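In what follows, chain A forms one complex with chain B and a second complex with chain C.
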Partner chain A sequence: MNISVELHQTDLLTVNGIIKGEIDAFTAPTLREKLAEIDLKENLQVIIDLTDVSYMDSTGLGVFVGFYKSINASNSHMELIGLSSRLKRLFDITGLGEIMDIQASSGEVKIDETV
Partner chain B sequence: MKPFDYVEIRVPAKPQYVSVARLTISGLANRVGFTYDEIEDLKIAASEAITNAVQHAYSEEEDGEVVIGCALYEEKMEIMVADHGKSFNFEETKAQVGPYNESEEISFLREGGLGLYLIETLMDEVKVHQQEGVTVFMTKHVGIEQVDGNVKHISS
Partner chain C sequence: MEEFKKQYKKILEQYILKQTEHNLYEGQNISRQLIQKNISPEEVISIHKASLEEIMSDLDGDVQHSFDLLIEVMIRYGLALKEHQTLIQKQQNIKMEMELAANVQQTLLKTKVPKEIDLDIGIITVPAKEMNGDYAHFLHDNTHVGIAVADVIGKGIPAALCMSMIKYGMDSLDGAETDPVIVLDVINRIVEKSVSDSMFISMFYGKYDTSKSEFTYASAGHEPPLFYCSETSSFTELQAKGLLLGVIPNVKYEQQSITLNKGDFVVMMTDGVTECRSKEGFIEQKTIMDIIENVRDQPAQEMVEYVFHKLEELQDFEQRDDFTLVIFKKI
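And now, the complex of A and B:
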């Protein structure tokens, strides 16, 4: 199991990110490093697609909290999109769902294969 | 006959093995008969405890091991995670762990902030034991939240 993080600067003030895979103790540092590469500046919009994130725990939440702090400090904006109901729930039960700009995926609940 | 099947997993105290243990627990939970959502809850809760153990063991010595004991009952699963790398007598250790209160020095568990909170939220019962390392004991019952959803219709 691994993680892939793609970042595309689509215009001067927009960065689109796509994260795929599992975010846990092993992969979270990779995600943190990748997000730190974004050159944050005023009014920058960072939109991160989590549609293909099949697993996440507090290590992942920690990365997003850290990134969210940097975002706020630089007056940029972060939006998390495509969250499965599982991921949405994780943000909600920790109270982060009310603080961050989060969009659940519009489609049906994605059922991952479970062993 | 013992009232439960016992499976013990030992992994090196390294972050890359957290997902291995998680997958194993997912398989065991499936065996017990948990729903998809319950299994996802178990995966997160167990990962939180294992991650804590890995990070704790990491700061102490490099070649530690994390021991994860899983007791599979008819309608519940107990998971015990210890960061000291020694095998335990499941029942004996289980008897030693007790409820903790907020003021106890389990601050390391809270270091990451949300780990213990998630375990408490996602599991039915959580106990922590601190003696030569830390042991987290947690229980989840099948269908405790969605009883109605588990009612089977005989005729259709």
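And now, the complex of A and C:
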């Protein structure tokens, strides 16, 4: 039930984020608050690495849906990278994979089933 | 109070005279009555002090004073106790309101399982808490059976409130003959206007045409149902592309159809079924398929109940999410 969210503004128009841990009803509020700290503006690129996210439920998905809406409203762009096959399936089933820019983790597919 | 004082004095007198287990036990008994009658800790010490003064006329003055200090010290404990009692009362009120709300919800979401058709239908829906964030509803006329299975993000009261929107959306439809893509489009427009940014609903809608034994379906980001083909004894996922309800206003949903032959069945569910976790990790889809296949010859209602109990067992009887399972079996 732990999460860590790191955000780095690498240049004027790029924010890199790294999320580690589980995204569920307990940790989703922390993630939502962190993402809300990003100062969204036109042409801003937000790239979030989910390689070390071992579990995400629908509440977690809700955080990204909310963030996606604010990204669109401000004409910025969001990219989610490093999705495990379980996470990828979640985005595909919900149809979010069609409207969001998502990338499955490259190379060896990492699935942590022991959470 | 007076009676209690007398009683206390008697117990104290006996104990000072003889320190037996029995006399101590009397003290335990009286503390139960004290709590019941809301007598605060500082009052008990006052009574103790007064009783002691009466019993021992030569009581040392210093000892008497020490009780006054103890009374002061206990006052906060008395207040904390009162607060605790108020909270318990409040909690009981909330619990009662929740039960009432859950009843209202059950009435609101009542659905009649269609009978006298060439489908054997089983349905089970069990909330994780008092209120259910899952929704299953049937539409039925002479030739068609419609089934909606939806899951609102989150659990409890917020999910339950959000769900009444689907109910009213469904009620506004023309009837069981409506195409699944139209059903989803209508409900998406209602939901999209009314939900907060991080809220959404996943929904599956299927329509069975009795004249052609055809099952037509569409999905708004919902867990794909499983189709069991009795001829090949195999499962396939009924996939149909479509975005969750409530994310954007105009969504293109994909519609698909299959023909059901005797013994074939469709298993519709929410993620409370697929996201089951045991100590060893997620319960695999294959495990769920095996469980269902074991009881494929049973009536549909017995099938859904069996699957629920089996998964409950695998999860050590700890249900994390609302659970809904519907089976349409062709007879």
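We adopt the following convention: the second predicted complex is superposed on the first by the 112 of 115 C-alpha atoms of A that agree within 3 Å, B and C clash if a C-alpha of one lies under 4 Å from a C-alpha of the other, contacts with A are read in each partner's own complex, and residues count from 1 in each chain.
To be clear about the criterion, contacts are C-beta pairs under 8 Å (C-beta built on N, C-alpha and C of every residue); 3 or more make two chains touch, one makes a residue touch a chain.
Model, not experiment: these values are computed from the prediction.
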item: Fit-or-clash call for chain B and chain C when the two complexes are aligned on chain A; value: clash
item: Which of chain B and chain C A:Ile93 touches, first, second, both or neither; value: both
item: Contacts of A:Ala25 with chain B and chain C, given as first, second, both or neither; value: both
item: Chain B versus chain C as contact partner of A:Leu12, first or second or both or neither; value: neither
item: Chain B versus chain C as contact partner of A:Gly66, first or second or both or neither; value: second
item: Partner chain in contact with A:Ser58 - chain B first, chain C second, else both or neither; value: both
item: Chain B collision site on chain C, chosen from 43-51, 79-87, 205-213 or 277-285, when both complexes are overlaid on chain A; value: 277-285
item: Residues on chain A lying within both footprints (that of chain B and that of chain C); value: 25, 57-59, 61-62, 65, 86, 93-94, 114-115
item: Parts of chain A lying in touch with chain B, wherever the complex brings them together; value: 1, 22, 24-26, 55, 57-59, 61-62, 65, 86, 90, 93-94, 111, 114-115
item: Chain A-facing residues of chain B, complex; value: 15-16, 18-19, 22-23, 26-27, 30, 36-37, 39-40, 43-44, 47-48, 50-51, 54-55, 112-115, 117-118, 121
item: Complex contact set, residues of chain A against chain C; value: 25, 32, 57-59, 61-63, 65-66, 68-70, 86, 93-96, 98-99, 113-115
item: List of chain C residues in touch with chain A within their complex; value: 151, 153-155, 196-200, 202, 220-224, 241-244, 247-248, 251, 271, 275, 280-282
